[in-house]
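Labels run A, B, C and D following the written order; every chain starts at residue 1.
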Amino acid sequence: MAVSLSGTLEGGLADSPEAAGARGRALRTFLRKPSVALSVAYLILIALMAIFAPVLSKITGNDPYSFNETALDAAAGGIPLGHFGGISAQHWFGVEPQKGRDIFIRIAFGARVSMLIAISAMLITTALGVSLGMIAGFFGGRVDQVISRIMDFLMAFPALIFMIAVLSAIPQGNRPLLLVVVLSVFRWPATARIIRGQTMSLANREFVEAARASGADRLKIVFAEVLPNLSGTVIVMATLAVPGFIATEAGLSFLGVGVTPPTPSWGQMIALAVPWYSTDPMFFAIPGMFLFLTVFSFTILGDNLQRWATGATA
Amino acid sequence: MTLLPYLSKRFLASVITLLAVIFLTFAVFFWLTPDPAANICGQTCTPDQIHAIREQLGLNQPFLKQFWAFLAGIFAGRAYGAGATAVQCSAPCIGFSFQSGTNVLTTIISRLPVTISLAAGAAVLWLLVGISGGMISAVKKGTWWDRGAMMVSLGGISLPNYFVALVLQYLLVVKLKLLPFPTLVPFSENPSGWFKAYLMPWIVLALMYAATYARLIRANMLDTMGENFMRTARAKGLAPAPILFRHALRPSLTPVVSLFGVEFATLLGGALITETVFGLSGVGKLAYDAIQSNDQPVIMGVTLVAAFAVIIANLLVDLAYSVLDPRVRVASR
Amino acid sequence: MKLTTAPEPDGRIGAMLSVEGLTVTFPALGSRVIDDINFTIEKGKTIGLVGESGSGKSMTSLAIMGLLPEGAAVEGSVSYWGEQLLGNPDSAMRRLRGDRIAMIFQDPLSSLNPYFTVGFQIAEAYRTHRGGSRRQARGVAVEAMRQVRIPDAERRVDHYPHQFSGGMRQRVMIAMALVCQPDLIIADEPTTALDVTVQAQILTLMSDLQDSTGAGMLFITHDLAVVSDVADSIVVMQRGKTVEQGTAEAIFSWPESDYTRALLAATPRLDDIVDLPEPLRGTR
Amino acid sequence: MSFDDHTPLLRVQNLVKEFKQSARKQFRAVDDVGFDLSQRETLGVVGESGSGKSTTARMVARLIDPTSGSIEFQGEDVTTRTGAALRHFRGNVQVVFQDPYSSLNPRHTVEQIISAPLRYQGRKVSGGYRKAVKEAMDRVGLNPDHSARHPMQFSGGQAQRIGIARALAVEPKLVICDEAVSALDVSVQAQVLDLLRDLQREHDFSYIFVAHDLAVVRQIAHKVAVMSAGRLVEQGPRDAIFDNPQHEYTRTLLSAVPRINPEWESARKSRDEGNLTASSGN
């Protein structure tokens, strides 16, 4: 006779803080981490610089295009007057040798361009990557074969060389838009591959079978059951895509095929600084530092988001 | 042998990918280059000179015909122009440079040694630094070393290589005068000079990959250390060394091989920038110069050779993967 | 070289293994995982450690082997032939592990390294403690595989774990444990992951091997029917504490603690008579 | 086709399932399985790993498409039904899985999980979904106030009760339990089996109860089907199968099940009865 015993043996209710509270607390601990806090602060600064670049231009009285010969030492081959590349009250980050354009305002407008390109490319690759990744992962079969072959093909391509070739062959036209398209074409497989893998494992989970057994059709299953479990990964992939794009755009501009002058871009500024690297090192150090710190901050953010996302849903 | 059907399918996929690459590259250049003929004969050009060039290079043919001729050129060689002025170009022929008129393929092959020694040296560097750094971080998980190494690796990933190149040159060459400015000198003539010339380019190219590999090895090692068979190894009374280097490292290395296949595609891009900054006349610099002077055949040639190398690398990686992992190599009972 | 009976202990004092007041806590987490566990194991005898998940039975075995996870604090005493083990440096414990005290784990699928042949992994235990050439160790591995009745051992010694069924892999685990003729075998749920017919064979094999080698055994399981079959005496654990312990006959014939009685009552039996609702023939 | 009193709730005939093992070879996981099931009746399906018992259950739940054979539910053939017609069948059949944490969406709250089948079937419930969820939770012994929590915040036994509440909320006729208690501790297992029996009594559920543990099946099955290597080796009323097995495999299976030493059992029982009579009325 099987005795039914209520309560004596069963483990107590697992200690369960309110669901919302847990996520809120996790967010607070996430932000308290020094590296994350610094990165977020820096990125906010860069975003403000980018957004208010025109305002800053009015305040400082400098614009990214006009030459200021007065700040240059004509006798010494046009290197900026004063040390540290001509840093002064008027020119907070100094001026360019020979041309004398103000570096601070060019950094601000440069931030504007590269953030614009990086974020729009990220939006495209995330949308493309998530949808194609989910379709391939969830429906499998021939659809998966086709999408996977395309992804393999694109990933087997020496992207940088091909981008350079394409961009160099189209001299005119809206450069930023062209860059966004070219960057997105080669980057979406990276997101799609991860999303496809996760969708496949989620699709085999029993809670999807339970939904099917309860009469849910495919669309409901994809959006109501599978997608919520992918949100962590999507955020991480999107965050990590941005620094990738910023670095690649800067690389292309450095090689002269990205953002073409006169629109400033950090990569382009570094390229201009190459001939002066020994005589005026600040000229390449300043855009270089900004580029590095921006990519570094996004990468730290993405890395910590990844740990937080896997932690939250583990 | 279960391997044969798998590999033959994989080889076929590679051939298809290569053909697709050739087609796409040719198509892009066909539609994008303004006017190759005008480009060849330079500014002082009369219309009929341009016409003659267009005739000789078959540029007025429809797209598919030109592509077919180009494809035939790669696999069987082709002749440009007709009769006495015909120029023979043996297979695999990618055409002649607009600028120098030399055979594109021979130029690329002549530049290969520089790129190979750059890439090979960098590979040795990043594998050593990456794998050992990753392992130490995994073993010393949570210590200041681990946190520091991981932060440095994040930095390594974020540092643009041309910026690192400039910083190194400024510090090591200009300021501290430890190294000469990299000037190419053949290994046979002066090995130490060769080594000094390549040291900075190796560091610049290897930096990002060393960081990526360190993070990957660390993650793999930590996963593997959590496996049950590690507990079995400890319960058998093995010393820490065999536990680490045999039972933990072996499973962690296999994913590294597959990452190499994916990373190889970006390696050539990295080499291009590194060679350009340091002025090393490798295939990368060749591509960069061709881009500056809009020399389409050379750009196309480098792209095809690079794509070919990437496809071969991925094929070799798949082969290595199936040999390395017994569960793939040996079918179950 | 045949696996003979373990060498007679040359007059060593005390029980082969005695555990007194064993307590394991995780100070950082403020949790007490096992609390004041006491038992002794004699040569040739089997102690059954029974309890539900979270009772701390596996943690007890890891404490004895010195394989506790990071951050664990151990109190009390674990002595082997009178020699204290707790607090030993890992290098000293390593000499015992796999040689004098061996372990068998629950999940045969994940307890073997997929990248090395089974022969290598068995021989590895032998060479670590007995040395000898690679070829000689391979011979010992083949012999050990025959000992645990793995057919065609000579050929299968070079196979990989994924080429064996669950039951066969568990036999490999047992061979690995026995290859140095240990005094004590700790088996943590060795048959839980196996089908019932395979479990029967493995249990028979383990008791035969215990008879032939005279080793003592600590058998950990949640299944009362299995433990009644295997153990000479039993320790019943709940949430880290011993609720009752005694000979198998005492525990099963006159259980004293409420928890043991509740467990016995809750354990389903093949001959239970259960009143079920009457099915409705046809359907409304 | 109407159904009268003699048609069983479920009739499965010649069910076969083949999987593609390699280019040429097909692996037959289920080979010509058939059985009937009446209302408020439990069929125990036992067998070892690889016997095809789980595949059979998933075919009946129409989670996997059979290679051949027929499944009749309330007299109507549902083997190949799809779309709206299938939804009626889905409304009457629910599944409870082995691993509670894998069968409950970690990102959904308990309320969303339990009400999901109702929403997916577009069922209108008097008093709204929230009321139905609270009732179901209460009936399976869960605290209704916890309906906003996520599955990870519950113990194994409670998570399994959420799965049962999900099935209960839809008021199905047939509940397919695929190793539903195998992952639970013995004490919790006993309580869940108790709950399933009570629900059967109250709601006339029929169960297909798949398990590898014969002693567990003994607690709940009216009749038992024994499977081995995809084939149905023996089928019959519970007592006949357990006390007088005909097929060689069934006998081997039963003899392999470990038993508590009979003398100790009878010693304990007689002592307990002694206590009961001595201090009757407690």
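What we mean here is this: contacts are C-beta pairs under 8 Å (C-beta built on N, C-alpha and C of every residue); 3 or more make two chains touch, one makes a residue touch a chain.
Chains and their UniProt names: A = Peptide ABC transporter permease; B = ABC transporter permease; C = ABC transporter ATP-binding protein; D = ABC transporter domain-containing protein.
Note that the structure is predicted; figures quoted are calculated from it, not measured.
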item	value
Partner chains that chain B and chain D have in common	A, C
Most remote chain, CA-based centroid, reference being chain D	B
Chain pair showing more contacts of the two, C-D and A-D	C-D
Where chain C and chain D are represented by their mean Cα positions, the distance between them in whole Å	33
Between chain A and chain C, centroid-to-centroid distance (C-alpha), Å	52
Chain A and chain D, separation of their C-alpha mean positions in angstrom	49
Distance from the mean Cα position of chain B to that of chain A, given in whole angstrom	24
Two or more partner chains touched - positions in chain B	none
Residues of chain A whose C-beta touches two or more other chains	2-3, 5, 8-9, 11
Multi-chain contact sites of chain D, meaning residues that touch two or more partners	156, 185, 187, 190, 193, 219
List of chain B residues in touch with chain C within their complex	227-229, 231-239, 242, 246-247, 250-251, 254, 325-327, 330, 332-333
Footprint of chain A on chain B - complex, ascending	13, 17, 20-21, 25, 28-29, 32-33, 151, 154-155, 157-160, 162-163, 166-167, 169-170, 174, 262, 265-266, 268-270, 272-273, 276-277, 287-288, 291-292, 294, 296, 299-300, 302-303, 306-307, 310-311, 314
Interface residues, chain D side, partner chain C - complex	3-9, 38-42, 48-49, 74, 156, 173, 185-187, 189-190, 193, 197, 200-201, 204, 206, 212-216, 218-220, 222, 242, 252-261, 263-265, 267-268, 271
Contact footprint of chain D on chain C as seen in their complex	52-53, 166, 195-200, 203, 222-226, 228-229, 248-249, 252-255, 262-272, 274, 276-284
Chain B contact footprint on chain A (complex, rising order)	35, 149, 152-153, 155-162, 164-166, 168-170, 243, 247, 250-251, 254-257, 267, 270, 273-274, 277-278, 281, 284-285, 288, 291-292, 295-296, 299-300, 303
